[in-house]
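Presented sequentially are two complexes of chain A, the first with chain B as partner and the second with chain C.
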Partner chain A sequence: MTEPLLVARSIRKTYRLNRGQTLQAVDDVSLEVRPGEVLGLVGESGCGKSTLGRCLLRLTDLTSGELLFEGHDISRASERTLRPLRPRMQMVFQDSYASLNPVRRIGDLLAEPLKIHRDVHGQRRTRATIAARLEELMDLVGLPVSALARYPHEFSGGQRQRINIARALALSPRLIVADEPVSALDVSVQAQIVNLFTDLKERLGLTYVFIAHDLAVVRQISTRVAVMYLGTIVEMGETDTVLHTPAHPYTAALIAAVPEPVIRLHASRTLLRGDVPSPIAPPSGCRFHTRCPKAEARCAQDAPTLRSLGDERLVACHFPIVG
Partner chain B sequence: MDADMPLLDVRDLRVTLTGSEKDITLVDSVSFTAGAGEILGLVGESGSGKSVTALAIMGLLDMPGLVVSGSVRFRGRELVGLSQRALRHVRGREIAMIFQDPMTAFTPVYTIGWQIDEAIRAHEKISRRDARTRTVKLLNEMGVPDPERTANRYPHQLSGGLRQRAMIAMALSCNPALLIADEPTTALDVTVQAQILDLLRGLRHDYGSGVLLITHDMGVVAETCDDVLVLYSGRMAETGPAAALFARPAHPYTTALLDSIPPLTGPRPARLPSIAGVPPSPAARPSGCAFAPRCHYAHASCTTKPPLIVWEEQEVACVLPTEGHALPPRITAGETP
Partner chain C sequence: MASLALLACMATASLCAPFYARDIAHTDPFRSNVAGSFTLDGQQIDIMQPDDNPLHLGLSPVGPTWRAPFFLGADSQGRDVAARLLYGGRNSLLIAFFAAALCMILSATVGIFAGFFGGVLDMVLSRIMDIMWAVPVYLFAISLSIVTIAQGLKIGPFTIASDNLLLPIFIIALVYIPYAARVVRGRVMTLRNAEFVLAARSLGVPRFRILMVDILPNVTGSLVALAPLLTALALLTESALSFLSIGVQAPAASWGTIIQDGEGLIYTRPMVAMAPGLAIVLVVLALNVLGDTLRDALDVRDSRRENG
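Right after this comes the complex of A and B.
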């Protein structure tokens, strides 16, 4: 098996709040990102998927745990040590407008990383090299070269997301963490951007961690899926295995709750009660037990750990759904 | 009231923005009816005019430069041109509205209960105590746990789902005949969205209210609505019973919109069928069919604005059915006929 691109072992991210309270945004998460795969991170708001995404790129410091990128331990690496690795790991954010400086032209925005970082030979890039690379990037993301001379507000949301993708691609990264990159877009435009992610992955041999709350979008793009609930991974495995035969009651409930654009004759389904509990005071034992239809006494006491169910799938549940 | 008269009858509704060199038509000849106990879905992408249509019905577009014309008859009474004073008696009491973001719809400085009490007392002469009794009863019916205590809490102390339940309780406080819900679940998580949609579906039985549900999500429409109106660039693309429209969409835009949603079951397509380009802005709407520049089937006759024609159970603004090239039925995975 090929060596994983990124390995996370028992990573934790705790935020200190007022009055001595703490928020465990990411609680003991271990995962691997293999080269060429798309790992989808799904979950509802507050489940820690965005924080985990930022931890994986060390955009935020870890509270504890170990993080390896291309074999280098970056769990506690300084910004200076990280800098030469940065070109190979990039991020795309949800809000395409907030991510682009409104007073700068697209060409300047995209040239910046090329000016800051040296090329593979350790040389500064010449003006001509940068100009050529910018044209190449525009071609990759399907925008006209004339876009380089324009400002962010002149573009639609979908086009701005293309620009953000182009910027992430500028330094030829291996790994891209995309945090809800299509959720602010209209559905017709969303499909274009999802297709663009798929095409770029194939053309450039990229690896993605794709964070989204929309299960259908995650299913479309991901090879593997990790489902998060209140800071922990509750289920992880091949996309089709997890989404067709979910083993964790939360995964099953999440799938059942997605409104599908087909008229169902029998519209009865089990709904989860209540909202996601506050991550400041998460429930004891299994964090899902307060909403779980299968919960038993044990679930309120022991927190289940991720264990294998065979079929390369891990689930954190005392009473997984089988068969 | 005449039994045949629809609850809401919108005819040829037009909203025009004047003042710049050229008038811009935001909503262009939209017509539909909504009945008591029915849920009508108004669906479209951003800029399709769905929210403007709702605000026009509510008479909330009272500002210089915006001209609302056409007819909005509510229980037979014309609302277009009615004074704000007269509209105030209709709004809140007979037609209520809920919004996407319950955090901004509630004022942060009063408790939820205080605000619902106030809404009741604005329309009915009842005591504070009776108003509170009704508030607590409503919150309870909306599935709010511990309603007495929740009524004394401030909006920021509640979760998104509970705030939305509280807002629906406030909207229903005067037993409105029509509830307009503008993207009521868009800001909510999917498991909470399912609960709120369930609640909306229950309203027609429990309260007999008609619901006008505005959404961009075809999935929400399929699971909730009896009838659908698809808007594109401020115009009607297609309308009809949800069952017919989802089984056999007649407008290429409806089909394309449904196709661009990634499926949750069945085989995964290598690429999603997507619609090239973006919807036109109302100021730059093409003179013929507004969808023609993005349509696979665009041809010579699409340069003139297509009339709304009756086809099967739907009404559709497309020339294909009359030209004998109606679109094929939709194939969906996982559905048994």
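Right after this comes the complex of A and C.
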């Protein structure tokens, strides 16, 4: 098997709040991202998906844990030492408007990474190479070259997300972390952007960590899926395995919660009661036991760890649904 | 636009002060001229005239002639008020403009550094601003003026004499720094957490470049809207200081000093104090209208962006 592109071992991100409270946004997460795969990261709002995404690219400091990118330990690296690695790891954000500086033209925004980083020969890029690269990028994401002279507010949400993707692609990265890149878009546009992601992956040999709360989107694009609940990964495995035969009750409930166009009379639906507990005071034991239909006394005491169920699937549950 | 036109008129008129004094009124607005006289319609008129009261005690300066010499009358030292008004406008507008500009530069620097770097730097700068803001602006300005005007200001090898206009400019710029710096700091703090700043960081843009390229251009809007209001405040403060004889020093004129000259003549020759007062009101009004217009113009662009 090829060496993983990104390895996270027991990473944690804790935010200090007022009055000595702490918020565990990411709690003891370990995962691997292999070259060429699409790892889908799913979970409800506030479960720490976005924070994990930012941790993976070291856009925020880790509280503890180890993070390796292409074999380099970047868990404690400073912004300066990270800079040479930045061209190979990029991010696409959820809010296509907020992630583009409103007072700069598209051409300037896309040229920025090309101006800062030197090319493969360690040379500064000339104006001509930058201009040529910008045209290439516009072509890749399917926008007219005339868009370069315009400002972000002149574009629709889908077009702006194309611009964001173009900017992430400017330096030919290997890994792109996409933080809910389509959830703010209209459904018809969502499909276009997801297709663009798939298409670019094929053409450029990219690897994605694709964060989403929409299972349909994740099913379409990911090769593997990690399901998050309250800052921890509860189940991880091949997309088909996890989404067709979920082993964790939370995954099962997530899948059951997707509205279906055809109402099945005899389908047993395990819908969740209540809201996600506060990550400031998470439940004891298994964090899901307060809402789990299968919870037993043991679940309130021991926190289950991720263990293998064979078929390359990991699940953190004392009583996994089997079969 | 009317406000801009009015401001331009005021500035041009003030710039033409020497032409008016030398070529039209033929007076020297800085020298006492109590014994002089002038000709109007072939008549010789004394500048200082006996009082109107029945006892004819004392003398009053001549009232407005509404013609070339002594258009607005004379002040108690026999100087042409109209000419002094124009010369005063030069000083008042110059001080207000440069004090506001200096204040903008300083407060933008303070606000941007405090807002962007946060932490200890922000804490220190913000506490200094709080302490300055806790002292009433006029009290602060008056205290500084009294000290510097009494002694002049020595900074290393440079000495600024007490009649130098740089003194009021520095003082007024200094006292309004907290006012403007807070606005800038707040704006920068929201921008610092904006997603496009995070995007720039993920591209590996160095912090200083993020500050110059991503944050500064987004702050200029707020600064532009603030500039006219700050100029108006500076003008008012300058007039107040000059009125108290601790701003522009005699014999030089400013609208504040002319009001002070007119204070003793307020019952007999009200025009001496009213003319500069009216000038201040008009300019401050125009600046406020201009500030509102600019703010609205920027707001429109913001809302259009959000909808788009």
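Assume the second predicted complex is superposed on the first by the 316 of 323 C-alpha atoms of A that agree within 3 Å, B and C clash if a C-alpha of one lies under 4 Å from a C-alpha of the other, contacts with A are read in each partner's own complex, and residues count from 1 in each chain.
Simple rule for what comes next: a contact is a pair of C-beta atoms (placed from the backbone, for glycine too) under 8 Å apart; a residue touches a chain by one contact, two chains touch by 3 or more.
What you are looking at is a predicted structure, and each value in this text was computed from that prediction instead of being measured.
On the shared subunit chain A, the superposed partners chain B and chain C are arranged side by side without overlap. When both complexes are overlaid on chain A, the residue A:Met91 reaches chain C alone and has no touch with chain B. Contacts of A:Pro113 after superposition on the shared chain: chain C is touched, whereas chain B is not. Looking at the shared chain after the overlay, A:Ala132 reaches neither chain B nor chain C. Judged by the touch definition given at the top, the superposed model places A:Ser188 against chain B, while chain C stays out of reach. Applying the stated contact rule after C-alpha superposition, one finds that A:His213 touches chain B and leaves chain C untouched. Aligning the two complexes via chain A yields an angle of 80° at the C-alpha centre of chain A, spanning the centres of chain B and chain C, rounded to a multiple of 10. Chain A is touched at more residues by one of its partners, and among chain B and chain C that partner is B.
In the superposition on chain A, A:Leu272 makes contact with chain B only, not with chain C. Residue contacts after overlaying the shared chain place A:Arg167 against chain C, while chain B stays out of touching range. Look at A:Glu260: by the touch rule set out above, it reaches chain B but stays clear of chain C.
Closest CA pair between chain B and chain C after superposition: 11 Å apart.
Of the residues of chain A, not a single one touches chain B in one of the two structures and chain C in the other. Residues 45-46, 145, 159-162, 189-195, 197-198, 216-224, 242-243, 246-247, 256-258, 260-265, 268-276, 278-279, 332, 334-335 of chain B touch chain A in their complex. Here chain A touches chain C in the complex through residues 54, 57, 59, 79, 82-83, 86-87, 90-91, 93, 95, 97-104, 112-113, 116-117, 152-155, 164, 167, 171, going by the rule given at the top.
Only residues 44-45, 156, 158, 186-192, 194-195, 198-199, 213, 215-217, 219-220, 243-244, 253-264, 267, 269, 271-276 of chain A touch chain B when the two sit together in their complex.
Within the complex, the chain C residues that touch chain A are 194-196, 198-207, 209, 213-214, 217-218, 304-305, 308.
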